Amino acid sequence: MLRKPLGAGLALTLALLAGTSAIAQQRVLTFNTDTSDPAPKAAFEALIADFEAEYPDIDVQVNLFDHEGYKTAIRNFLTADSPDLANWYAGNRMKPFVDAGQFMDVSDVWADNNLNDQLASAESSMTIDGKQWGVPYTYYQWGMYYNKTLYEQVGAKVPETYDEFVENCKLFKDAGIDCLTTGTSAMWPAAGIFDYFNLRTNGYDFHMALTAGEVEWTDPRVRETFAQWNRLVEPGYITANAAAIDWQDAAALLSQGKAANYIMGNFAVATFKDGGMTDDTLGFFPFPTINPDVARAEDAPTDTVHIPAGAKNPEDAKTFLAFLARPDVQTKLNTALGQLPVNNQSTVDEADPFLSQGFTMLSEASGLAQFFDRDAPAEMAASGMEGFQEFMAYPGNLDDILGRLESDRQRIYK
Amino acid sequence: MFPRPIAQRSHTAQWTYQALLPIALILWLLPLLGIAMTSIKPSSDLAAGNYFGLPSYIAWENYWSVLFDFDLWKYIRNSFYVTIPTVIGAVALSCLTGFALGIYKFRGNLLIFFMFVAGNFVPFQILMVPVRDLTLQLGIYNTPYALILFHIAFQTGFCTLFMRNFISALPRELIEAARVEGVAEWRIFWFVVLPLMKPAIAALSVLIFTFIWNDFFWATVLTTSAETRPVTAGLSSLNGQWVAAWHLVSAGSIVAALPPVAMFFLMQKHFIAGLTLGAVK
Amino acid sequence: MTALPDAHGPKRSWWKSNQQALTPWLFLAPGIFMFAVYVIWPIYASFQFSFYDWDGLSPKKWVGWGNYQELWGDRNFIISLKNNIIWLVLYMLAVPAGLGIAIFLNQTVAGIRIYKSLFFFPFVISQVVVGLMFAWFYAPNFGLFFKLTEWLFGTGTAVLANPEYATYGIIVAGLWPQIAYCMILYLTGLNNVAPDQIEAARLDGAKGLKMLWYVVLPQLRPATFIAVVVTVIGALRSFDLVSIMTNGGPFGQTRVLSFYMYEKALSEYGYRMGYGAAIAVVLFLIMMVFIAGFVWKMVRDERGH
């Protein structure tokens, strides 16, 4: 009823708006991304420029979303106003969209470009029902980033074990420095901390069982995880008011020398360096050992690009995915992102100490977790992260928190 | 007059009052002044911990950066795309409904009037899921039309309340006289009543402009991309990019607040007349 | 005016005799149509949605009262409800505060008009901007308020990180424009207070608070009514500030129903449209109590004329 005149009016408006770029006959490829932070933004701009140079008859139009807002927006635009390409995440995080038929099966792109071989490490996290639903382009390690200058200042050594780490915290505390910083205003940084405490205390299999809803949150092993964590919370080794701090603000605390350690993903290196740190002052080490009997597993989330089922130009979108999967493209993109390429024929920037350390660490890991909010279903992830955030402010509420998480688990995994 | 005019009091009282006024104002506007000051500070000042002092120089480049590096101008443009048609549509519709409810006595008049009044108070959340769904089905999700149509419909509630009260206060003799002369009803509306409604139309336009410009909830629910999002929602997503960059947040806030503020100062009389109609009957 | 039949057509006389009865309906038609489509029907539809489980992607699933039963045991729902009550109660402060400022400013000294508009102008600013301003004001480590508390008590208070204070911090931000609104209502009201009654009361020796309570306030009743209405509605609509300032945090302690509904229905980890609709229905029913009261009073006034 209203559709026609409005559509025409809209088309006219768009035509007027687009009047400046009067390049005729170019096929348009719309790409919704959440790469709003400076480094990813630049990396994607370069990626798209390269793509357009190779395929001059395709015009990629990017809709840039704010990183946090994107996670909400994607639900809306997938059902309503589909782009041809969209960023997302692997694993459980893409499952609701695949189940609802919102992502396009791109197994043909994988088969035609020999990706099952080249992207082998990520194949399982991209496969549902024996089909592939997108192309992974990057992954990155999580771990401990630290301020080398502060370590020298208080005479701390890079810890191997968690006991040593806690020892160091005493030194930092005495010097008036936050031993561990974090900003959980957007909640997910708290999940990274939990992941590591749980992985180091109980191991990979337990962690995966917990996020899959197979273990009770009131289990003594979960309590042990929090007891280890509490060795930092109770003495006040973690930045106060973390719940009102954005993760970038907390990163500033590290670069300004007000905090010594930060459990983060490798994408944060760009933020630390923007804050004035260099390879000489910023360091990385894997999260220290808590239980020596537990094999080391790491958090290494994979970021992906998908074709929505409602894409208007799926042909060119597949061309783009094939391009994105190429070893040389992933090498260049990940050098700019400061992350690790998924394609096993790509090369890692050896000169980058964080990447080479991360690469070694991940290849030695006994298992790779995606991340709490990608391994657990959305609702569980939300209540879990809220609980972690609360625990860091009020460790005394632990019983209450775990009780709530357990009742959420029973409801969510029905 | 209440309270007793200060001019009738002692000199000390007058003097104290005159001194108190600016102090009270500064305290009242403190958050605003802080933001305004921050918006012209170079980022180096903030990095150096100069949060409250004077800026080391006036950094107009913050505004430039916000508008052009971060494309705030686009969001501002989008806001105009949404706001102006809404103002026209809602005022036009309510001229009609206000006329119908203010002039004619018929069964159901009060019922319809209070349906509009009550609808105007409804929480947005009860409308959210269905309106979003409807917008998707109309194929106008994430376009200015999504917001324009909804806002026109919703604001018709408030506008009808306003117009109807205004029109029923008009002298009825004019209309009766026209009817005696055999003037058609729509001509009475067009030639007799509408010219008298100019002040109401002006007041309502200013008010609706401000309401719609400042809407955040629907902007978040019905639009997603930088090409369509109004400035309130745009500012909130830019805020995610500007973490720790308070000079940019401040400059962006000031720019986003400017159009309604300018509207208010230019059309103050109409604005206040609009807001307080009904408060003093 | 294409909706009207051709004035020269054969039905002219019929039209002429029924014109007065039909015209209002023709004038009302577009407004009622839009309002029905975008306001009346959605209310009904939300009630319906609240009995389904729906993620916005897959088909809907009927769950009967399931969503409401879940609400009952949902701790976050209870927190939101509690916060809504705090909002309602504290937001009411805007009414006396607005009256106070109005009385303070109701003078005729040079430049008072500018003062009045500057006092009013927080109301003109978007709540998003107000939220950002106060977020800056409260910011941990460098915010003006943080510094102030640090200077006074030795340790700074990060209002928005503290689950006990955060809601109050947001309400203060909301009160700022709301007080301005009430102030302007009262300023206009004070302008219309009958001077002869004031003078008469003054001759009887009434002064200050007594005068305010017994003579002025009764005359300000219409202004007070509107101020209460807009304040109640404003308190229950408090979505923007919560969303901008804390996003419901820390750990969900600043949620209000309007925000929690959005969170459950449309946010990153939500997408339970049916559950969201059930929250919206509860909010709507709470609001209906007030709306019914307001409308009842307005109908009475209307009939009284």
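Each chain gets a letter, A, B and C, in the order it is written, and its residues are counted from 1.
In this text, contacts are C-beta pairs under 8 Å (C-beta built on N, C-alpha and C of every residue); 3 or more make two chains touch, one makes a residue touch a chain.
Keep in mind it's a predicted model, so treat the numbers as computed, not measured.
Novice: A-C versus B-C: which interface comes out with more C-beta contact pairs?
Specialist: Contact tally favours B-C.
Novice: With centres defined as the mean of C-alpha atoms, identify the chain lying farthest from subunit B.
Specialist: A
Novice: Please compute the C-alpha centroid of subunit A, do the same for subunit C, then give the distance between them in whole Å.
Specialist: Taking the average C-alpha coordinate of subunit A and of subunit C, the gap between them is 38 Å.
Novice: With centres defined as the mean C-alpha position, give me the subunit B-subunit C separation in Å.
Specialist: So the centre of subunit B lies 14 Å away from the centre of subunit C.
Novice: Which positions in subunit A are in touch with at least two other chains?
Specialist: Expected reply: 68, 76, 79.
Novice: Residue numbers in subunit C touching 2 or more other chains?
Specialist: Residues 139, 266 of subunit C touch two or more partner chains.
Novice: Quick check on subunit B: which residues sit in contact with 2+ other chains?
Specialist: Answer for subunit B, listing residues that touch two or more other chains: 132, 149, 236, 239.
Novice: Mind pulling up the subunit A residues that touch subunit B in the complex?
Specialist: 2-3, 6-7, 9-10, 32, 36-37, 63-69, 73, 76-77, 79-81, 246-249, 252
Novice: Using the touch definition up top, name the residues of subunit B that touch subunit A in the complex.
Specialist: Listed in rising order, the residues of subunit B that touch subunit A are 132, 135-136, 138-143, 145, 149, 224-227, 236-241, 243-244.
Novice: Hey, which residues of subunit C end up touching subunit A in the complex?
Specialist: 55-58, 70, 75, 139-140, 158, 160-163, 246-247, 249-252, 266-272
Novice: So in the complex, which bits of subunit B are touching subunit C?
Specialist: Listed in rising order, the residues are 1-7, 14, 17-18, 21, 24-25, 28-32, 34-35, 38, 49, 51-52, 93-94, 96-97, 99-101, 103-104, 106, 109-110, 112, 114-119, 121-134, 149-150, 152-154, 156-157, 160, 184-186, 189-190, 210, 213-214, 216-217, 220-221, 232, 235-236, 239, 246, 249-250, 253, 256-257, 260-261, 263-265, 268, 272, 275-276, 278-281.
Novice: Going by the contact rule set out above, which residues of subunit C touch subunit B in the complex?
Specialist: For this pair, the touching residues of subunit C are 1, 4, 7, 19-21, 23-25, 27-28, 30-32, 34-35, 37-43, 45-46, 49, 103-104, 106-109, 112, 115, 117-122, 124-130, 132-134, 136-137, 139, 142, 144, 147, 176, 181, 184-185, 188-193, 195, 198, 202, 211-212, 215-216, 222-223, 225-227, 229, 233, 236-237, 239-240, 243-244, 257-258, 261-262, 265-266, 273, 276-277, 279-281, 283-284, 287, 290-291, 294-295, 298-299, 302.
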